[in-house]
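Encoded as C-alpha cells, here's the structure I'll be asking about.
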Amino acid sequence: MVNPGRLTVDLCGIELDNPIIPASGTFGFGYEFAEYYDINILGTFSFKGTTKEPRFGNPLPRIAECTAGMINSVGLQNPGVHEVIAHELPRMKEVFHKPVMANVGGFSPEEYAYTVSALDGEDSIGWFEINISCPNVHAGGAVTGSDCRATGEVVGAVRAVTKKPVIVKLSPNVTDIAEIARAAEAAGADGISLINTLLGMRIDLRRKKPVIANVMGGFSGPAVFPVALRCVYQVSRAVGLPVVGMGGVSSAEDVIEMMLAGATAVGVGAANLRDPYACRDIIEALPAALDKYGINEIKDIIGGA
Amino acid sequence: MVNPGRLTVDLCGIELDNPIIPASGTFGFGYEFAEYYDINILGTFSFKGTTKEPRFGNPLPRIAECTAGMINSVGLQNPGVHEVIAHELPRMKEVFHKPVMANVGGFSPEEYAYTVSALDGEDSIGWFEINISCPNVHAGGAVTGSDCRATGEVVGAVRAVTKKPVIVKLSPNVTDIAEIARAAEAAGADGISLINTLLGMRIDLRRKKPVIANVMGGFSGPAVFPVALRCVYQVSRAVGLPVVGMGGVSSAEDVIEMMLAGATAVGVGAANLRDPYACRDIIEALPAALDKYGINEIKDIIGGA
Amino acid sequence: MVKTVYTVAGNEKIARDVYRMELCGDTSMITAPGQFINIALEGKYLRRPISVHDASGDALTIIYKVVGGGTEDMSRMAKGTRLDVLSGLGNGFDTSVSGDTPLLLGGGLGAAPMYMLAKKLIAEGKRVSAVFGFASADDVFGTDELRSLGVDTAVATVDGTAGVRGFVTDGMPEEYTYAYSCGPEPMMKAVYKKIKTGGQFSFEARMGCGFGACLGCSCKTVTGCKRICRDGPVLTKEEILW
Amino acid sequence: MVKTVYTVAGNEKIARDVYRMELCGDTSMITAPGQFINIALEGKYLRRPISVHDASGDALTIIYKVVGGGTEDMSRMAKGTRLDVLSGLGNGFDTSVSGDTPLLLGGGLGAAPMYMLAKKLIAEGKRVSAVFGFASADDVFGTDELRSLGVDTAVATVDGTAGVRGFVTDGMPEEYTYAYSCGPEPMMKAVYKKIKTGGQFSFEARMGCGFGACLGCSCKTVTGCKRICRDGPVLTKEEILW
C-alpha cells in the first residue's frame, strides 16, 4: 500500500479508515469478535439493534438455509437500551476505540426517540442507524420503511433529539425505494443505509411446514447482492446523502462494486456469520483489489458507474 | 410410479399431466426444445411474451451473471402477434399437442386486449398469461403490476375479450404483492402466476460501468427462490385463485416446496437456460421425490404448509 | 473458537445413515467433552455444526447422520479432503459436579459426545454407566466402544430389536450421582422429569453462525437468555425452563 | 446441440493468460469450424461459451483466456476432470463460398477457431493464407501450428514486438478470394471496411443459454433479427449492419 490513506472515506463528517462496517445483528457489540481479531481495523461497526424495552425476539427455529444465503428471524432480540448502556457499551469500549454506529429499532416515533435520547450522551457513538425495516417484528413483514409518511415521522422524531448523524436503514421490500429515501432525507436524515433483508421463506419438506417458526424471515447473503446493488444505485441517485451499501457483500470485489454503484461505505452482514474473519479478510484484500482495477483512492469511485 | 395420475393438477379447469410449466421467455415457442426431447411430457409451457407490434427489445449486453442466478434485459423481444400467429404457432403445433399458455405483454389496456383478441381464436391456446410485470421495458423497472388500479384496468380489458382462463403474472418488486393479486382477482383473473424477475444490477469492475446496457434487469435463478416462495405463500392465501409458482425452481424438491407454499402448478425459468433438459429431468425425478417425502398424489400438497 | 483446517483421515458408515469421520488437525481448542465444530461445505451457505465424539492431539472424531444434502456430501468425502472448520465451539459438559457414579444418557445421535465425556469422567476416577436409546437395532452405534472403556452400557430401542424395548428412561439404573444427557428434546425432557439428581443437557438448534453472533439459537433460561451455540449447548437442569 | 460430458485430457498455458485445453468425448455434433461449446462450471450459474479450436473423433481442443473467476477455475483443472458441456453450438463457418485462396483473419483469441477452419479449407483443395493480430509478442499463439498446415501466416502486433507493427488489417495480402474473420468488434469492423471480397465474421456476445432460447444475444441484421448463439456466431458480410 503506497498510499496509507487510500481506503479512507468520509461518512457524514466522520472519517473512516476504510469503508468496511459489519452490519447490525451480525457483530453483537463487537467484543466477541475482538477475541478473533483486533476490531479497530474496521471502519466502524453497527451494533446489535437496540430497542427501548428488552426483547427476547421470535420463537425458534429462527434460521433457514438457502442457496447462497440464509433466512433469519431473530426479531430484534436485545436487552433493552438501559441494559445496553449499563453492560454492553462498557464491554464494547474496552476493545473498540473508534466511533461506533448505534443501531436503533422501535415500534413508534416516540419509542425511537426515547432510545436515541437515551444513547445520545454516549461519546462512543458516532452515528445512529435507524432501523425502520426489520422484516421480523410485524406480521407479513410490513414495516415503517414501507411508507413515506411513517418514515418521515420516525426520522423527524429522532432528528429532534440528536445532533449526531442519523442514518436511516431502508427495506428493499418496497415498490419504490427511492421515494422512501427521499422521505427520509426530507425529514432530516444525514445518510441512508440499505438494504435490510429481503422477505423470504423456506419450507421443510419432511415436516411440510415452514422452517422458520415465524413462517417468513429476512433473507440475506450473496444471493441478494444484485438486488442490493440495484437499490444502492437507485437511492444514491435519488438523494444527496451518503449511502451505506450492504446486502450479500462477501469480498473486496463486492465492496468496489457497491461503491461504484453509489455507496460511500459498505456493510458486511451474513458473511460475518459464515466466517468470523470475513471483514478482516476483506479489508486486507482491498489494496490489491484496488490495484487490480486501477483504482488509486477508494473514495474516487463512489457512484462512478 | 404405481399411480399414473399422481402428478396431475387442474389449472383453471384444464388438467395438466404434471405441474411443470417452462416459463415464458426461457422456452421460445417450444419447437427448438423439441429438438432435445419430446416436449409433450410437459404440463404445458408459456410461450415467448408476445406484444401487438414487433419489438427488437433492449440493446446488448442483455445478460449478466450473478451468484446462483442471472440478470436478463431482453425487453420483450418478439416478432409481434401477427407474425406469431402466422409463423410461430404453426411451428409450435407441429411438436406440441397440448393446450399452451399464451404470454402477452403490452403498454396499455387496449394493447393487451388487442393482442389477446388476436390470439383468442387459436385453439392451441389454453390459457392467457398476462405479463404486467416485465422489469425491462420501463425506466427503473416501473410496471403496471406495481399498481392496483393499473392492474385492474389491464386485467379488465383482457377479461372483456376472452373466455379462456386469464392468468396474471405479478412482479415481486412491490411493497404488498397480495394487494396486487386481489386487484387482479377483482378484475376477473382466473389465476395468478409469480414471481416475475427481481429488479437487479451488476457492475463490470474493469469497465466500471453497469454490465447490462439498460443498467438494470430482471434477476432470476436459484438465488431468488426464497423470495418467490414467500410471494407464492402470501398470494395463495390472499386470493381464491390457483397460483403458478415460479422463481429459481431447479429440482423436483423445489417443485414440492413451491406447491406446499400454495402453487397449483410450477414454472421453471432460468434452469432451462443453464440446462435445456431441466424440465424433463425434473418431471422424471418427481415420482421418486414424492415417495421420499411420503406424498401420494402431488395435488394433495397444494398449499399444505 | 478457532478457525482451522482439518483433513479427513477416515470416513465410514457405522449405523443406518450414521457415519464416523476422523479428522486430522489441531484440537487444542477442544477443552471439554460436549463441544462442537462447525464445518463449511462447498455450495452450502451455513456451516454444519457437529458434536465432537473424541479429540486428543492431532486427531478428532465426529459422528454425523445424513439428513440432507450437506451431510450427504460429507458422507462422500474421501480421505485427504480439507475442511474449513470453526473448532472448539460451545461450553461442553462440566465434569466437576458429577459425583462418583455419573450416568450418561444418549438418544440417537446424542450418543456421539458421550464417548469423550466418559473418558474424561473415568480419568477423573469416576465409575460411569450409560444408557443409549435408538429407534431400532440398525441405528445402534457407540456401545461397544463405550464398554471397552469399562462403562456399564445399556441399550434401549423403541421397537425392541436391541436391548430393552422402550426409551432411554426405561433402561436407567437405580443409582447414580448425576445425569448427562444429549438427544432429541422429548427424550431429554423425559430424562429431566425422571432424574432425582442434578444433570446437564446438551441441546441442538438451527444455528446461523455457531459462535454467538447471530442470536439465531437463543433460548430462555432461569438465568436469562442464552445462546445454545455459545452459552450452551450444555445447560444445567437448574437453569432449564421446562 | 448435444449435452454431453467431456473429460479434460490436457490443459496448458500457451500465451499470456491463454490456455489450450484438450478434451475427450464425442465430437460428432461438431459439424463445422467456428462452432462453440458451452461449459458448465461448478459455482457459476452461466455456462462459459468457448469456440472450438479443433475437433475430430474423440478429441476436441479449445483455447481460452483467463478473464475472470470462471476461466481461472478452468485454468486449474486437472487431467481427468469431467465437464458438463453443450456441444456443437452455433452455425460455424461456411467453406463452400471461399473461392480458391481464402484469407483467415484472427484477432487475439479470435485466432482460436482458424485452425480447424484452415484444415477444412485445405482439405477442400484451397490455398489458405492468414493474418493473426495480437497486442504484443507475449500474446501470440497458434501461428506455428497454422504454418505446419502449410498456411502462409503473418502476424501483426500493436506494439510491434512480433510481426508487423499494427493491426490485422496492416498485414493483409493483396490477393484473396474470401475473408474469414474472428476477433474483437473494432478489428472485425476494420476488416469489413477493408475487404473487397465477400466474407464471414464470427461474433462474441454475453450469452444466457448459448442455444437460442433466451434472446440474450440478439442482433439486428439485413435479414432480420438474429441470435449470435444459434443463428451465428458467424454472419456474412452481406447481412451485417455496420
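Think of it as A, B, C and D in the order they're written, each chain with its own count starting at 1.
Please note the rule applied: contacts are C-beta pairs under 8 Å (C-beta built on N, C-alpha and C of every residue); 3 or more make two chains touch, one makes a residue touch a chain.
Keep in mind it's a predicted model, so treat the numbers as computed, not measured.
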Where chain A and chain B overlap in contact partners, by chain label
none
If you walk touching chains, what's the least steps from chain B to chain D?
1
What pair of chains is linked by the most C-beta contacts?
A-B
Could you work out how far the Cα centre of chain C sits from that of chain D, in whole Å?
58
Could you grab the centroid distance between chain A and chain D? Build each centroid from C-alpha atoms only and quote it in angstrom.
47
Using Cα averages as centroids, what's the distance between chain A and chain C in whole Å?
36
Got the chain C residues that touch at least 2 other chains?
none
Residue numbers of chain B (touch at least two other chains)
64, 66-69, 222
Residues of chain B that touch chain A when the two form their complex
64, 66-69, 71, 140, 142, 146, 173-176, 198-203, 205-206, 208-210, 215-216, 219, 222-227, 229-230, 233-234, 248, 253, 256-257, 260-261, 293, 301, 304-305
Within their complex, state which residues of chain B touch chain D.
25-28, 32-33, 35-36, 48, 56-57, 60-70, 72, 74, 77, 79, 211, 221-222, 270, 272-277
Show me the residue ranges of chain C that touch chain A in the complex, using the header's touch definition.
1, 3, 40, 44-47, 86, 205-209, 211-220, 225, 230
